[in-house]
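Input: one structure, supplied below.
In this document, chain identifiers A, B, C and D correspond to the written order of the chains, with residue numbering beginning at 1 in each.
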Amino acid sequence: MVKTVGIDVGTGAVKVALFEVNGDKNEWIAKRVERIRKRDPYKLAEDTMDEILKDNGLTRDDIDYIATTGEGESLEFHTGHFYSMTTHARGAIYLNPDARSVLDVGALHGRAIRIDERGKVLEYRMTSQCASGSGQFLENIARYLGITLEEIGELSQQADDPEVVSGICAVLAETDVINMVSRSISAPNILKGIHISMGNRLLKLLRATKVMEGDVMVTGGLALDTGLVAAMAEGVADPKNKVNVEIKRHDDSIYAGAIGAALWGGFRHEKLAEKADLRKAS
Amino acid sequence: MKCYIGIDLGSTTTKAILMDDNMDVLGQGITNSRSNYDTAAAISKQEAMISTRFTLFHRAFEQISQLDGKVDDFLSGLERNFRLEQYLEQLKDLQDTSIGFADNPRFKDQKKAMVEALDATFAELEQAAVPMFAPGAERKSDFFRDIAGGQFMSTSERIAKEADLNYDVLLNVYDKAIIEVENRPPGGDLSGKFTRALDKLVTEAPEFNVGDAEISKPIQDALGVELEETFVVGTGYGRVRLPFPKDHIRSEILCHGLGAHMMYPETRTVLDIGGQDTKAIQVDGEGIVENFQMNDRCAAGCGRYLGYIADEMNMGVHELGPLASKATKVAKINSTCTVFAGAELRDRLALGEKREDVLAGLHRAIILRAMSIISRSGGVTDQFTFTGGVANNEAAVTELKKLIFENYGEVTINIDPDSIYTGALGGAAFALRAAEGDVTGAEEEQGAA
Amino acid sequence: MCADVSTDVIKDDSMLLQKKMIAGNYDKITSAPETGQKMVSTFVPGNINELIMCFDFANNLPEINALGNAMRKQSGSMISDAEKMGHSEDVCTYVKADLGMMAKGNIAPNGKPMPNPDMLMLSYTGCYTFLKWFELLREQYKCPTVMLHVPYEGDGKITKNMRDYVVKQLKEDVIPMMEEVSGVKFDIDRLREYMKASAKAEDDLVWVLKSAKNIRSPIDAYFGGVYYIGPIFGAFRGTEDAVDYYRMLRVEIEDRLAKGLGPVTPEGEMGEEKYRLVVEGPPNWTNFREFWKMFHEDGAVVVASSYSKVGGVYDYDGFRHDPQNPLESLAEYCMGCYTNRNLPDRTTMMADLVEEYQADGMLVNSIKSCNSFAAGELLMLREVEARTGKPCAFIETDLVDPRYFSPANVKNRLESYFQMIEQKRQSQAA
Amino acid sequence: MSVKEIIDRCEVLFEDIDFTAAREWKAAKPGRKVVGYLPIYVPSEIIHAAGMLPLGVLGGGSDLEVIHGDAYYQSYICRIPRSTVELGVTKRLDFVDGMLFPSTCDVIRNLSGVWKLMFPEVYTRYFDTPQNYKKEIGGEFYKNDLRELLEGLEEMGGVKVTDDDLRASIEVYNERRQWVEKVYQFRRDQPWKTPSSEIYLLMRAGEVIPPEEHIQLMKDYLAAVELEERRMKDNTRVVLNGSFCEQPPLGLIKSIELAGCYIVDDDYIMANRMITTDIATEGDPLENIAYAFLTDSMPFPSKFEPSEEEKGLYLADYVRKAGAEGVIFAAASFCDPALLDQPLLHHVLDDQKIPYIAFQFAENSGQMQPIREQAGTFADSIKLWSAA
């Protein structure tokens, strides 16, 4: 029996998952997400892990493999690091074995990843270094509208006449939003419009990876945004898009990276142990 | 009296200039553009009218012997008290509106506590207002939102804690209320406010109590002058959204070019870094635009870039420049995007880099982007004029001066404390020209390349 | 040059003839499977049409197909198909439009499928992209591909070494390969005959282009110009059809001149000539009419353009195909095309045109796709401004990618440019 | 010298956009001349034989702040011409007596004209290499081309170059090529000992100092590296392709390595390796240089591949020779030759089942996160899935 921790250091939040790996049986013991806000992400990652271990009566010494992902390459205490697409792919398969592609949408990035049934990355596309249409963008919009992140998803789904927007700057969006508000456009319609345009952008990435069928697993923090997921589901339903896929999410989607890291950590641990055995044997 | 008004609807601030037949600037007004543009235009115009009244008062009082040598003190005293009146009026509005929002089924269990907390908060804010407008006092900003908002947050957070109330709910009603309040132009009744301000001033400084007639007559006379809006020209980012007829709209490029030329006739290159765009303009000896470049709608490289960074660091924009000037080395910023730069900033601070060094790097980044826009517009020709909000930032100015010198040699650099009004000034001049029947320069939306 | 869209734009006899010629050529190409006609694909700049004719090849020009598709608003989806196939967003869209057209079944404007070429004639003049373009086509067609390396006029002149090199390639590589693919023996006298016809047509073309020197120019040398250069830049140089076409065109223009008429536009006769411009850079094809309208509406006539010289510079320094020295003259033709000349020469040429054609200034239409034209145009603009003292302006569009044509931007730039010219004139008059 | 000392020296040379070393070389003796050249390739032997210093001008690197360059180039053109113009405008190249612009692409071609207009006093030449590889045709043209170049240099420098001078220079460069190949071979064998960030600096140093010094530097490096304790890591071996002209920032190479890759072959600074054999010294030296290019030069996208079957096979060969597990395409943004060539190369790798990824960069790219992300995922997937 092996215990592993996966730590996903993001730009918006730190996610930690604790697993017990037993052959091909994986048991998820604990999880925790912490928004970074204006804190030091690396310190936060370490603290969060320590807390989760403490809560479960464990110490770092009890852990066989501490795997980081995201921006965690330089964390001293890790056993190994895996890159986000590798871990999100694995996490997506864990959350939904039928996933054949992943849309990982986080605070600053969007990634479309085509995978096989084992979670191997076959092809990918990433958004550019512009935060327009990212999670941070949505967070800013919510602030300007005076609503909380958690309200976004539901509000968006109440829209009756979405106001279509095209790529606006995450920082300058404030003016546009204020302008829309002053034109008496309702928050649901504003949000839905933004979700549609974000969704289209993400679906374009997805198409570029040549995904044609199977489940699309939305991972990352924006999977919590049911409005965005709904907008994408409507997008793929449009026959114009000529894809035969289904958009899926999971309440634990935000942990996909941490899950993947923990599971790959377990896998590597066994490989390393085998190697060590080999060495001992020879 | 015939008045010509130019209104520059900037992305962050809206500015108005009021000019008479002789091209003398009588008044200027500014407000932030967070509200809708109609309101912003109305407010800035109203502010320009108020400032015009002061100019007229000034002219009227010059003849009064009792105030000899004290005209300036008197008028600034009057203005302070006038501002206080305005502020209190808006504060009351904010209070009422916030309480109105607390009346939401979502808050039904907390409503009472919320109202109490709000009342307590606003009572403190009102208290705090008087010293803020005391002689010699400095205010954090000229805009209601900035002053009241900052105080509201700190005060209500404390009060909420004491009352064991969730602070987020107060913030939530405030966020909603401030948008409404900002969208309401302050009440008319200028004379009333002037009169009340005068009363207050006299109470606070009895030396100005020189007989009713001497003071109130010229004031009433000056207030009696009708300010006729002969021609109004709108320009700036928000101009197309305005109910201005097409022939009342001028491109912001042309207005900035002309405005800069009026301030400094020898100007050949103008750089304007505003809230949402950066423009470099080349003008000839007559103020005619020869070439220009603008950035597209990306916050990287304009005022909002620094504003966003200031938010990230929990600082005011005005504090950025002074801190950056303390840097001993300039960090190289890798991210172009503002949001990514914010994340980079966080990383770098986490890794132990000094705040001032990173800030200096961010300032350099914005100026480098401006340098590239200048270069695309045709470089720098003597004299060079720097306008827009960022020209108030000393670190940005230092960096710009350095780069201009390194790349274009010895060049006269003009920065006017009132440079934020450059576009409005050009607009007012166009208004005067238009009233005289000269329509050159009328133009639709300018394209950026 | 503008395929079948031409007639709804200009309805002169010459245009009808051109349309017939182009349709005939496409029919010849698409019926190749039945007729057994062999076909060569090649590029416009430095195309050696007379030589191709000597082997009875039909001539297909992928650039022309791409621009035709752009005018029919089909290029956008072709480009995005090519990008889906793995081509970068950053590269020349002509190539992508062509590859996308193949992916869509290679349908010619007459609705019939294009047969595969029997040979790719890579005359590599003035643009590196050609090289990659034909490597990509070769991968698909797996047909013989001949490289004709045309050295660049880096020092602004054609040296003997350069000329010998091209002639040698023609003799030892190109002609033998053409003989092999076509089964036709090379006959230099046949080449001479074609070149005689070329020179004749070229004389008339030059006359037409130069008619723009008249104040109240009877032609537009950019938008109208693309029609005038069509036959000579494409598959018809050296044919009797081309001779007839240019004779007919010349007569028409002579007539316009005599009547004091200005250029014809898609919207009819053009109004007053207010601005005379020289334009550098290719036009935009996706919004061709809209683009043109922004000029003629405001009374702007293009009196000379570099684009009318991409397929051969005939009017500037007097080059003609020379039947006496056919191969040498073909070599010189290839090397003399506009984009094969170095930037200082191009700059001088443009400045001279501004003066000779009494233009108000030069406008650069910088094409996002095309580094061959565009890399250096900003310096050219400054130089021309300095040398002529006339205001110049800069706009950016693309040839065949509709994503890069922003009407509002272009229009604003043009309008402020016209205002600038106006203001300059006023201040000079004062 | 220790590895660190050698690499520090190289790094100083690499970062010095004022070209102090070349300036000092020139100042050391009156009458010395420096001839700059852009990527990809010029026959440095000829410059060397004329007693001049060939100076590789590979753009402005990551630290040069381009201020004027943008006035000359539109945003959709790669970065190298604008940073090169910036170097020129800021007088950082004012000591350079001649500039050669090889036939790389339309951008470099037009840059030769830009240079002529901007710096009329400098000996500026567009340098053509043949796309026809027959000795009697392309060879003849190229030989004459080289002679013209030589005559131009002779005139510019007021010198006369004999065949023996040329032969001596060919020998120097033959030796340099041998050492370059030794360094590359060493890295193929033991990449953990020779990180590519070091190899890159070592190779770039050779562009700004005389070849004799460069040879010494490489000898010292290989000797020092043998003694260095460096642990082999569980990294993936990759060949890098596409950076033949605009050079990546050092941070990009470090990021790829940090992300778990060993770069075991690359196409950086191809001028060093363009000719793959020794050039013969007997006979007509110019002809030897010309023929070597025809028959023994490396393929790269600006060079026509006459044979459809051969197209792109070279890359698969590199992979095999270096025992690599995949290819990373890193092309400069807006680089037409590289980007148009890539699909053809992808097809070859597809056929041979060699995995690859592709991204773009600019010489001043600062954001390495996406690069690490992609290179890291690539390395992960090769590591995890080859084990599975």
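General observations
By definition in this document, contacts are C-beta pairs under 8 Å (C-beta built on N, C-alpha and C of every residue); 3 or more make two chains touch, one makes a residue touch a chain.
Note that the structure is a prediction, hence the values are computed from the model and not measured.
Of all chains in the assembly, those touching chain A and also chain C are B, D.
Across A-D and C-D, the chain pair carrying more C-beta contacts is C-D.
Chain A and chain B have Cα centroids separated by 40 Å. With centres defined as mean CA coordinates, chain D is found 36 Å away from chain C. Taking the mean of the C-alpha atoms as each chain's centre, chain B and chain C sit 53 Å apart.
The multi-chain contact residues of chain D, meaning those touching 2 or more other chains, are 71, 367. For chain B, the set of residues touching two or more other chains reads 335-336, 340.
Multi-chain contact residues, meaning those touching two or more other chains, occur in chain C at positions 396. The residues of chain D lying in touch with chain C in their complex are 71-74, 76-77, 81, 101, 103, 105-107, 109-114, 116-118, 125-128, 130-132, 134, 136-138, 140-141, 144-145, 148, 301-302, 304-306, 308, 311, 333-337, 339-344, 346-347, 360. Those residues of chain B that touch chain A in the shared complex are 11, 33-37, 39, 168, 172, 175-176, 179, 183, 241, 276, 297-299, 304-305, 308, 312, 314, 335-340, 343, 346-347, 349-350. Across the interface of their complex, chain D is touched by residues 71, 73, 81-86, 118, 120-121, 124, 126, 129, 264, 267-268, 271 of chain A. Residue ranges of chain B in contact with chain D, taken from their complex: 332-336, 340, 368, 371-372, 375-376, 378-379, 403, 407. The residues of chain D lying in touch with chain B in their complex are 63, 65-71, 90, 366-368.
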